[in-house]
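Next up: some structures, all given as structure tokens.
Paired with chain B in one complex and with chain C in the other, chain A is shared by the two complexes that follow.
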Partner chain A sequence: MSYTNLLVRLIDLAKPFLPLLPEIELPLEQLTFDDKVMYTIGTSFLYLLAQLPIFGASKTTNDPIHWLRPVFGAEQNTLLEFGVFPIISSGLIFQILSGLKLIKINFNNRLDRELFQTLQKVFAIFQYAILTNIFLFTGYYGYNLTFWQYILINFQLIGTGSVFVFISEIIDKGYGFGSGSLTFITINISANFVTDIIALNSVKTTRGYESVGALVNLVKNLRNKPFKNAILESFTRSYLPNLTQVYLTIGIVLVLIYLQNFRLELPIRSNRVRSVSNVFPIKLLYTGSLPLLFSYVVLFYINILGYTIVNLVFKNDSNQIIVKILGQYITTGFNSNFIVEKPSILYFFSPSKNLFESLISPLRTIIFFATILITSTWFANIWSSISGSSPKDLAIQFKEQGISIAGRRDVSISKELQRVIPVAAVSGAAILATISEIGELFGTNGKSPAIIVAVGAAFGFLELIAADFQQGGGSQNFGSIFGQ
Partner chain B sequence: MAGDGLEKFTEVPIEFFKDGTAFVQKCTKPDKKEYIKIIRAVGVGFIMMGLVGYAIKLIHIPIRYLIV
Partner chain C sequence: MSSPAPGGQRTDIKRRNNAKSKAQSQQQTPTSSRSAGFGGSSANLLKLYTDEAQGLKVDPLVVLFLAVGFIFSVIALHVIAKLTGKFTS
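What follows is the complex of A and B.
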């Protein structure tokens, strides 16, 4: 078939880039636990330090992707304008393509593996370049920029993006715990979470200076305003973090931790040693928070595509029929967010600003929720069968270790796992999507999916750290912190 | 047979919902001790990371004024 032939050659596209892009070598020997901790902490600090303002932009308004930023660790008007979105999306897309056998890769062949990795990196950097130029040419950084301003902004954003493509590869290749881009997202979200609660700095608003931190704001309000107003305002202000969001976030974290330990325990027994039986846990959140992340990748693509068509091709002109169908962007007051407010395609693919809005336009709430739910569950279903812990792989592992499920014959192990794992993965993804949407109903503007992704990733790290810690022994410096 | 098509369309999600709820009901849930232990581990880690991150963000505020 010509269709597959076309895609077979997709990895060969990366061939010219192979000598150009450096590749991180796998560590020669297993790194010690302390080294891994140092690499992880060091790289995440780099990520936070890189949030420097962009030099050379003349305008700092009209943010069309403000509600997508938290999930991808992106900070407005900084070098990390797009966060790790290009890295994550590139990784997920290519893993799905190869998992569904749309790209044929022989993972036993070193060159094929290298080409596959290079292709992911090239596509990530390419996306940084495309996004930067979309934002430049739609006037995000101001109109009438000089030639040098274009070059300078391109250089800054693509340069930072490329650097983080490689830094995240360092972690991915086993110098740290788990995935690099997830590490960055987690540290960024936790920093923002603390900032939302206790940030001391204040910002000028229409009502005078107000503290950014929700808790600080409450204390300040209690001292300056009548009691009732103070409480009400701390819970409802819409332009800065409010206490409703903080409590919602904490609530989501608590629920997630509870769900994280839901597991179906399959009774297993060893074939070699008689009368030794144990349990093998199948977690409800089998694919962790990746499905939700994937949903937001899809939403990001939909919104950036719409934004480009509306603003680049049709100059956001409301007389054009396409703009009417897709949705006209309007700048909101204080935060200068660029949003679609009239019912149109893009309107349905973005979350509501607050609870009131979600209630008066239920159709939008339903469509937005359905999008997340469908993409999440689809992804969870696929991912549970293509990732390293798919039913087939597990069955092979079981066989190698001489383990069988109690009361089943050897042949039916794979079948039994096949029956349980996809159900777990999809139910887990559906539950996470629902929790995220409950948060979004209240207008958390992307913070509830972000905290779900962060906590999910944090659990992943915790498991890896625990496993590593048990292997490495408890005598090391950082190890002693985790010892109970 | 439009009715058949529609039935099939709703059958899959409903089937799935049944499977999912059955799975959740069969799950072992964490007990209180386990739950509190994990909350402590995740909470401490999260807040520690967050505080350090916030400290770094504080450094950025004067830099922002210098550059822009």
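What follows is the complex of A and C.
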């Protein structure tokens, strides 16, 4: 009895925040297609606008999470230092805990749902605060900061975090399409994808000015250097986007589009009308790209925990035994990435820099891949049964709509779906993990999982948009664009 | 108890089993707000904040304008710092 009381109290923690936190009003009626498009574009634009440099921080920083950034739409040294990681991790963790009944929440009870939602929100903002201060006190923003710099950096990062918690709430509540946090990730990744290919700006390197865009760099090299060198260099430069990464990303996008069409079509028929039969598709990527997102949440936690212990407690001192076990951080040259280069715990939980490195340290490649594979398949299995599209929920929906699987009795619908859905979800997640790892073998530094997450989310949005469009979007201005 | 159920013993067992499974399914609590029928994360999209709690109710446009205001305040900080030459690192 006391045990359950203790668990109930976890959502009660959010009670004091309930009257304080702003709540977006639910739309009074279904928004029109045009309004939804406008809200989605507007909020995405705000997300891109927030990529401002942080005020008061030093310019050269040692970035320990550079390979985790793309997946969460984070940009180094900007207001979006952590992207939407706190929002997503808090959401995923609490929804899994409640789905596994580790936190007791009665979703039929309105107050419980409200408390649960507020708890997720508070924890997201809390994580923004914690991460900001970890970075401040480990010297990420420079040492010897003044008191005002501490205050200002805290104000900017926690402020941005809270702002985007509320903006993602706007989208989640039906003013936009689908999910707010995934919209931000998708828009950020697509913007970076274009930047990597055709960015016109150039950066000063040890070899003079170099173009950022991989394709622009190729053209520039072809004009200035001997042919062979030009080609080789455009494919292999490690400090800026290169053509290998670009081709890999394009390849991954194509493979994902192909995989989206893999489905098992269960023949269904109506109980009410005779001779009306149809198919119900169960997609291979049943859980979309969420499993991969979850894997990177886990990796983020492992790395940030290690980073905190090594840098905050032991000051990155290589004489300490714990630093030796966890791994000592070393600054790399151009990008000033902060990485672990010697075999140690953190070393095994980070991807290799390039193909050569992943081949000479196979153990690291295997452990990193195994971590992603195990976490994503575990998540896919759990998520497919708790997310509200589980076999049981679908069976209930079928019953309400008077549908049954052809040749099956009503009772065995749930069993039949149970036979298919978890298998599809788990194998889909395993395939995505493998594709992501193939990309990481070549040293895409987090870009390949990012593009998988983006394409997966985009397909989720596409379904919603298509459904919305069919419900009378054709008469609208934006709708008519889609119609042609 | 002694009177046999209409339809014989088999039907009786079937009936009992049906009643049992029905009671079980009613007792089970939903695992997410979507399965309780209130919207929320689906299989491939993560939706977090879909319920309206009793808090400070705000119009979405107000939030968007405040967000723009926040971003411009940071831009203003940069500009002021450039003009006065303070805080530069």
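The rule is simple: the second predicted complex is superposed on the first by the 477 of 484 C-alpha atoms of A that agree within 3 Å, B and C clash if a C-alpha of one lies under 4 Å from a C-alpha of the other, contacts with A are read in each partner's own complex, and residues count from 1 in each chain.
Assume a contact is a pair of C-beta atoms (placed from the backbone, for glycine too) under 8 Å apart; a residue touches a chain by one contact, two chains touch by 3 or more.
Here the structure is a predicted model, which is why all the values come from computation and not from measurement.
Residue contacts after overlaying the shared chain place A:Asn229 against neither chain B nor chain C. Contacts of A:Pro53 after superposition: both chain B and chain C are touched.
In the superposed model, A:Trp148 makes contact with chain C only, not with chain B. By the document's definition of touching, of the two partners only chain B reaches A:Phe193; chain C does not. Residue contacts after overlaying the shared chain place A:Ser98 against chain C, while chain B stays out of touching range.
Partner contacting the larger number of chain A residues, of chain B and chain C: C.
After overlaying the two complexes on the shared chain, residue contacts for A:Ser277 are found with neither chain B nor chain C. In the superposition on chain A, A:Thr205 makes contact with neither chain B nor chain C. Common to the chain B and chain C contact sets on chain A are residues 49, 52-53, 55, 459.
The residues of chain A lying in touch with chain C in their complex are 18-26, 39, 42-43, 46, 49-50, 52-53, 55-59, 79, 87-88, 91-92, 95, 98-99, 101, 106-108, 110, 113-118, 120-121, 142, 148-149, 152, 156, 159-160, 163-164, 166-170, 172-175, 178-182, 285-290, 293, 383-390, 392-393, 425, 456-457, 459-461, 464. Residues 44-45, 48-49, 51-53, 55, 60, 186-188, 190-195, 198-199, 201, 253-254, 257-258, 260-265, 281, 284, 420, 423-424, 426-427, 430, 454-455, 458-459, 462, 484 of chain A touch chain B in their complex.
Note for the complex: chain B touches chain A at residues 16, 19-20, 23-24, 26-30, 34-35, 37-39, 41-43, 45-47, 49-54, 56-57, 60-61, 63-64, 67-68. On the chain C side of its complex with chain A, the touching residues are 29-36, 38, 40-60, 63-64, 66-68, 70-71, 74-75, 77-78, 81, 87, 89.
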